[in-house]
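Take this structure, written in structure tokens, and hold onto it; I'll ask about it next.
In this document, chain identifiers A, B, C and D correspond to the written order of the chains, with residue numbering beginning at 1 in each.
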Amino acid sequence: MKPKVAFYWCASCGGCEEAVLDLAEGVLNVVAAVDIVFWPVALDFKEKDISAMDDGSIAISFINGAVRTSHQLEMARLLRRKSKLVVAFGACAQLGGIPGLANLTTAAGILAEVYGDAGTPELQFRDDGHALTLPKLFDSVFALDRAIPVDYYVPGCPPSPKIVSDMFQALLDEPLPEPGAVLAPDHAMCDECPRRDTRPQELKLDRFYRVQERMLDMDRCILAQGLPCLGPATRAGCGSRCIAGNMPCTGCFGPTSHMRDYGGKALCSIASVIEGNETAQIDRVFEGIVDPVGTFYRYSLPSSFLERKRLE
Amino acid sequence: MPDDFEPRIVAFFCNWCTYLAADLAGTSRIKYLPNAEVVRVMCSGRVDVQFVLKAFAKGADGVLIGGCHPGDCHYQEGNYKALRRYRLLRRLLRQMGIEDERLRLEWISAAEGDRVRVVIDEMVATLKRLGPLRKAEEERAHLTEVA
Amino acid sequence: METATIPVEKRRITIDPVTRLEGHGKIEIFLNEKGQVDRAYFQVPELRGFEKFAQGRPAESMPQITSRICGVCPTAHHMASTKALDRLYQVEPPPAARKIRELVYSTFMVEDHTLHFYFLGGPDFVVGPQAPAAERNILGVIARVGVETGRKVIAMRRKLRDLVALAAGKAIHPVFGVPGGVSRPLAREDVEQFRLVAAEAVEFAQFTRGLFEKLVLGNGQYVDLIKSGLFTHRTYYMGMVDERNLLNFYDGALRVVAPDGHQWARFDPADYAQYIDEHVEPWSYMKFCFLKGVGWQGFTDGPESGVYCVAPLARLNAAEGMATPLAEEAYLQYCGVLGKPVHHTLANHWARLVELLYAAERMKELAEDPEIADPHVRTLPTAVPREGIGVVEAPRGTLIHHYQTDQRGLIARCNLIVATQNNAARISMGVEKAARGLVDASHVDDGILNMVEMAFRAYDPCLGCATHALPGSMPLLLRVCGPHGNVLHVLRRDANGSIRRE
Amino acid sequence: MSDRNGAVRIGVYTCHCGANIAATVDVKALAEFAALLPNVVLSRDYKYMCSSPGQDLIRQDIRDHQLNRIVVASCSPHLHEHTFRTALKVGGLNPFYFHMVNIREQASWVHENKAQATRKAKDLVCAAVRRVAFHQPLERGRVAIHPDVLVVGGGIAGIHAALTLANAGKHVFLVEREATIGGHMAKFDKTFPTLDCAACILTPKMSAVRSHPNITLWTYSEVTKVDGYVGNYKVTVLRHPRYVDEDLCSGCLECLEACVCKQAKVPDDFNLGLSKRKPIYIPFPQAVPQVPVVDPETCIQFKSGKCKTTCIAACGDRHAINLRAEAKVEQIEVGTAILATGFQTFDARRTPYYGFGKYPNVYTALEVERLVNASGPTAGEVVLRDGRLPRTVGIVHCVGSRDENTHRWCSRVCCMYSLKLAHLIKERTGAEVFNFYIDMRTPGKGFEEFYQKLLNERVHFIRGRVAEVTDWVFDASEEGKLVIRVEDTLAGFVRRIPVDMVVLATGLEPRADAPEVRRLFNISCASEGFFLERHPKLAPVNTFTDGIFLAGCCQAPKDIPDTVAQAGAAAAEALALIDAGYVETEPNTAHVMEEQCCGCKTCISMCPYHAVSFIEDIHKSRVNEVLCKGCGTCVAACPSGAIRQNLFEDDEIFAEIEGVLSNA
């Protein structure tokens, strides 16, 4: 009988489901190979409905999105219990993703910003006797593996079609990959960059540019052109799509297995290839990097060592 | 903040200058505060930004990087690499709500035993003023929402 | 978890989750003692706070950051954001850049409307609202229209998305938008590919239109359903139009027509704040938009209520016609059958196909424009940034990005009004109306659940896709409770579509 | 964790270092604490871990308890890391399964509160225990030692070191900045305390250098660049043109006679300006090499180009004089280098209250050395500038020594050379000689006896720091004299001593260019500016840079016997390396994990030693482990973590960080 699989989303954009649909004709093969018991929306989340299923009766749960509300946490735990394997699918589940930038603020901060003085929604509300509830918004966004144990990771925002099809290959056939593996090459993206040979050996940047500050050559190393391109620090497998779009890598495929804090390591290396031995000169060079956290932790703040901005 | 707050400092000292300065402070029996604990590296250029972040994440209230004076690096220019990383890292930490004073980069030569005392004592005083980096309770509370 | 534990003191039916732009949606239906619907709520229980964490980010990163609001229509956010940057930096993109943007955008519109018709909303008609849930999905559609057509649809989508990727870097979360232009020009061979696929797209749109005529218009039942009062609300409508008041997705003025079809307002999108306001309900994370000039009167329709809607139906109401020949023809046929303005929510599906045709034709026009391959695709901005507003017509309706920055172009304030917010009030009304009309405690079945769903699916609330994507039905649980919350009976529709009473 | 040798079994040893540690750190508590740490199977404390019973303890335990990791909490790794690694090796364990915790220099010696010091020691031990678990077995590399030696500085230290090495059959390059070797010693007349003639003992050694087949002598030359590493230094030497070819010149000195400048007008540096020389000159009669130098500053041919160049004519067909000669750059390879760059004397103008430069009859000791020297400007006559014999002479000690305002250190030789000069002046002039001293320091063989001899010679000794030297006279007895004002701390009142001649016993200080030389050879200076030895007692001639040794006053002020002894020691250290034939290198080098390297080239520009190179055909970086000095900068810079450093692996450092913070 075909393995039962589930797809679920937490705090995410739906791009990951689209990434699966982008297998196009390939989707039909996947559908043929598995028995999909959930797609991102599942049954009413109450304990008793879920406990109706036997623990571990789902072969693989593919969970995308970060954990941001009590409701998503509950669901993630539930699926963990019901599944033999849980796959953190996409940058949000693996690293926290762009919604993870919310770790620079708090739930209160967000509600205040969004609703201002128009009044904020309440977790429990009675409207002429009708009890309505909303799940709790956490102060922090969490990568999936901070909430539940994760067996495999699929990087990318979104994962590239090749990565997705390789993933199905890898997980539907024996032998399974190493537990905890990130299902993508374990070297940095520069290696597959079409412009890799144009990177000079002696790179010493005397300033960083913002994208609106200079025209970019179509065929020269983008870092060498002064834009902080994170290709050297980012796991390969994306097919260097952003480079093809003539824009710098922003790191959605996250770290290789030899980095512990993606942003810290990326910063460390970018800061190593600049001019300047005096503080003033060095600071001038870095002026072009106006938002270090947004630059180096765009997809990975919740999975960084510090996890979030310090609470005031 | 509790009055008995004792800041924790992780100090990355280069083998050839600052670590020797600390040795000299020792042989000279110079007395300084016991809040800094030294991790020896061959050169301040080895200090990976990840190390600093790890230290802060694991409970350090301050991090001190000690290297050779500009031009004096045992490896010629490792200390400049350290300086460059430090300047950018400072700005990142600021965004994360971590004050500049909590990360300090100091050039201390093998001859400057007393400088070790001055720097560490100063830093401890500053950190006592700033208070603990992580206000343990609430910070843990929220980080363990999922735990 | 709260939702699991709160006591129900009235009879309730919970449809949880349904989904929308930012995560999940939830419908709560409360019955009175007689078992009739007392009140229904469409709740949005999640929020990611882009407006907040956008603060401090450099404006130029917003096109890529905000595209993560939605992975189904990232191109819409990317484009609205990029246009906001043009205004922010007061820079005019070179003609080629402007055309490349609209070309990519049109390509995206064709693709997204195709997705919705075949994968999401369409099945309701192609397969039929009463059909077993297990068939009401793309596979059902394929079964109905034939594998060949099925492959054709999938292949079409693939080609379109490959083109977006070719020009914009990635189909999901594009990267090509920069203030004052696009990051890369189109090479001749790129343009050639666009030409070929554009021609196919027009053909495909015509084919789809034919399919709709055959399957839907040919079926009196469906037409009646579309026209049924259950799915009718007389509200205001908003959409983007060009200088001739013809529909445009990429640029133009916003036009609002009253329930009687007359122009109520026509304004520069940058002035949106003078016309649109947001209402907050304490039981939902989603804000409900309404027309300032008219005012918020609660969840009710008619000229006195500021409730309005966007998306295909609204756009066709707000516009006076289509800018391309075949689309214009389709538009006239549509008005011929339904009149104008059209107040039937389910007509959205038909309107979408008219737009599909327009998007394909527009794509063809631009692909054949000789200027499109001009290598000059960027103007470097020089002005000091302060404020910028960018608006496009997303597949699901008007999308507004509004940024204020400091001198260095770091975001200070960010306001985003997404399509589904414009529709939120009308969706809630639709759900409640459908529920009132269909649900009663003694008789609840799968078809009824689906009818209720259709009330919001017609708007294609962004990520509604998920409610319908493979393998098909949105699993639902419907519980009818007696007084003091004792469960009378539970109807469960499982993922495989089978219905079980418990 | 290492799986190289099964489960990790750690032994932790806490050293008391007598009371040095035990007095401030609760060693018992520390040992008990360590015993409970993960993977620790044995924890001991012992009085002196570095002693041989201490080391035996480790060896024994490795066998008895199958320990495969060792942590010793004692002093600085700079002191005993090698000792303990050797102990591991002898115990049959790879020496790098070891980590040392510095709880003496960094805890017991610098903290007072025992509880706090102990708490800190615990954290440090905890860090080491976590770290050592990740250690990997490593092999030391071997680097062949080039047998040639560079000696910098041709004073007595350099000369002695060069001769010792040359006599041992090693080739020596001796580089001297001046036109002659001999250094300060060549300026002296007699040496204390034996009063034997400096020239008599020095000049034979100088000519031995000149004639020695194993010595390449380059005077008038400077080291401008040093590359490489122990055993394989590449040195660049700049040889200034002396305009007289050393090989062609026979040292007849006829050119000096022939010079169109009949009168010597140029102040003679060798005699500190007390005499004059010609534009073409030889520093002093016994100079080595015996080859004149042309001073382009003053030579008419250089200034006007219109000289008859009689010197060239005089040289005749030897053609040794070539006024168009240019500087030469020599490239040499050596395995080791000895720095014997010496000292400079304190500039007496920095103590204006002693009147040097103001009153003609105030001299520095070194000037008087020249005056009393038979081959000096006055042929040994001690006369004032006006030619009079001094009747009374005052010698002021500690000028620029033991002084908060100038130098705090004692220059060690001033007391003795002051006594020597007092003796010589009295001998030559019969003058009354007064010594003004703070403390009389005569710690050395025959020194105290010499002092007694002077006392018997009726030389006056007044204990007290001189306040000033002035010509402001109070009465006729002081008329025409210099008055020395001093508080006689024995008599207990201020005295005014009128004298004809004042001699300032100026101290020794580091050469002005010591910082440049230090950078050139990548060594350190101590706070006062003298070169820093590796260990003040155990490695007094070594530096922290392998293969670079120190001799003489560049390391600290010392007298001739000590200098010569140290020069011999430095030579012996060099010989030890050379005869071993190779040196073992620390294995803390970096290496690229090629399968992880993405070829981004970030590392290439990180390395100042060009140890990292880019292999085009495989598109990866590679580290040359011989060139790599193990700084780890490329490791930190590698964006994807594809470069690792032995002994400083990320795993190890992260474990250490978590360790020190384990009870945070």
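Keep in mind that, in the parts below, a residue touches a chain if its C-beta (ideal position, glycine included) is under 8 Å from a C-beta of that chain, and two chains touch if they have at least 3 such contacts.
As the structure is a computational prediction, the values presented were derived from the model and not from experiment.
> According to the touch definition, list the chains common to the neighbour sets of chain A and chain B.
The common neighbours are D.
> Rounded to a whole Å, what is the gap between the Cα centroids of chain B and chain C?
Centre separation, chain B to chain C: 53 Å.
> Taking each chain's centre as its mean C-alpha position, how far apart are chain C and chain D in Å?
About 80 Å, centre to centre.
> Counting only Cα atoms for the centres, state how far chain A is from chain D in Å.
58
> Return the distance between the CA-based centres of chain B and chain D, expressed in whole Å.
32
> Counting only residues that touch at least 2 other chains, which ones in chain B make the list?
48-50, 54, 77, 81, 85, 95 - these are the residues of chain B that touch more than one other chain.
> Which positions in chain D touch two or more other chains at once?
Only 606, 633, 636-637, 650, 654 qualify.
> What are the residue numbers in chain C that touch two or more other chains?
56
> If every chain is a node and each touching pair gets an edge, what shape is that graph: line, ring, star, complete or other?
Its topology fits none of the listed shapes; call it other.
> Residues of chain C touching chain A in their complex?
It comes out as residues 1-4, 6-10, 12, 14, 16-19, 23-24, 28, 30, 38-39, 41, 43, 45-53, 55-58, 60-61, 64-65, 67-72, 74, 85, 89, 115, 119, 139, 151, 154-155, 157-158, 161, 165, 168-176, 178-180, 183-184, 278-285, 287, 378, 380-381, 408-410, 462-463, 465-467, 469-471, 474-475, 477, 492, 494-495.
> Tell me, which parts of chain B touch chain D in their complex?
Residue positions touching the partner: 8, 10, 16-17, 19-20, 22-23, 25-27, 29-34, 37-43, 45-51, 54-55, 58-60, 71-72, 74-78, 81, 85, 109-112, 117.
> Which stretch or stretches of chain D touch chain A in the complex?
Touch list, chain D to chain A: 593, 595-602, 604-606, 614, 619, 633, 636-642, 650, 654.
> Looking at the complex, which residues from chain B come into contact with chain A?
48-50, 52-54, 56-57, 70, 77, 80-81, 83-85, 87-89, 91-92, 95-98, 133-135, 138-139, 142-143, 145-147
> Considering the complex alone, what residue numbers of chain D touch chain B?
Those residues of chain D that touch chain B are 76-78, 102, 104-107, 109-113, 116-117, 119-120, 123-124, 127, 519, 522, 524-527, 532, 544, 588, 606, 608, 629-633, 635-637, 645, 648, 650, 653-654, 656-658, 660-661, 664.
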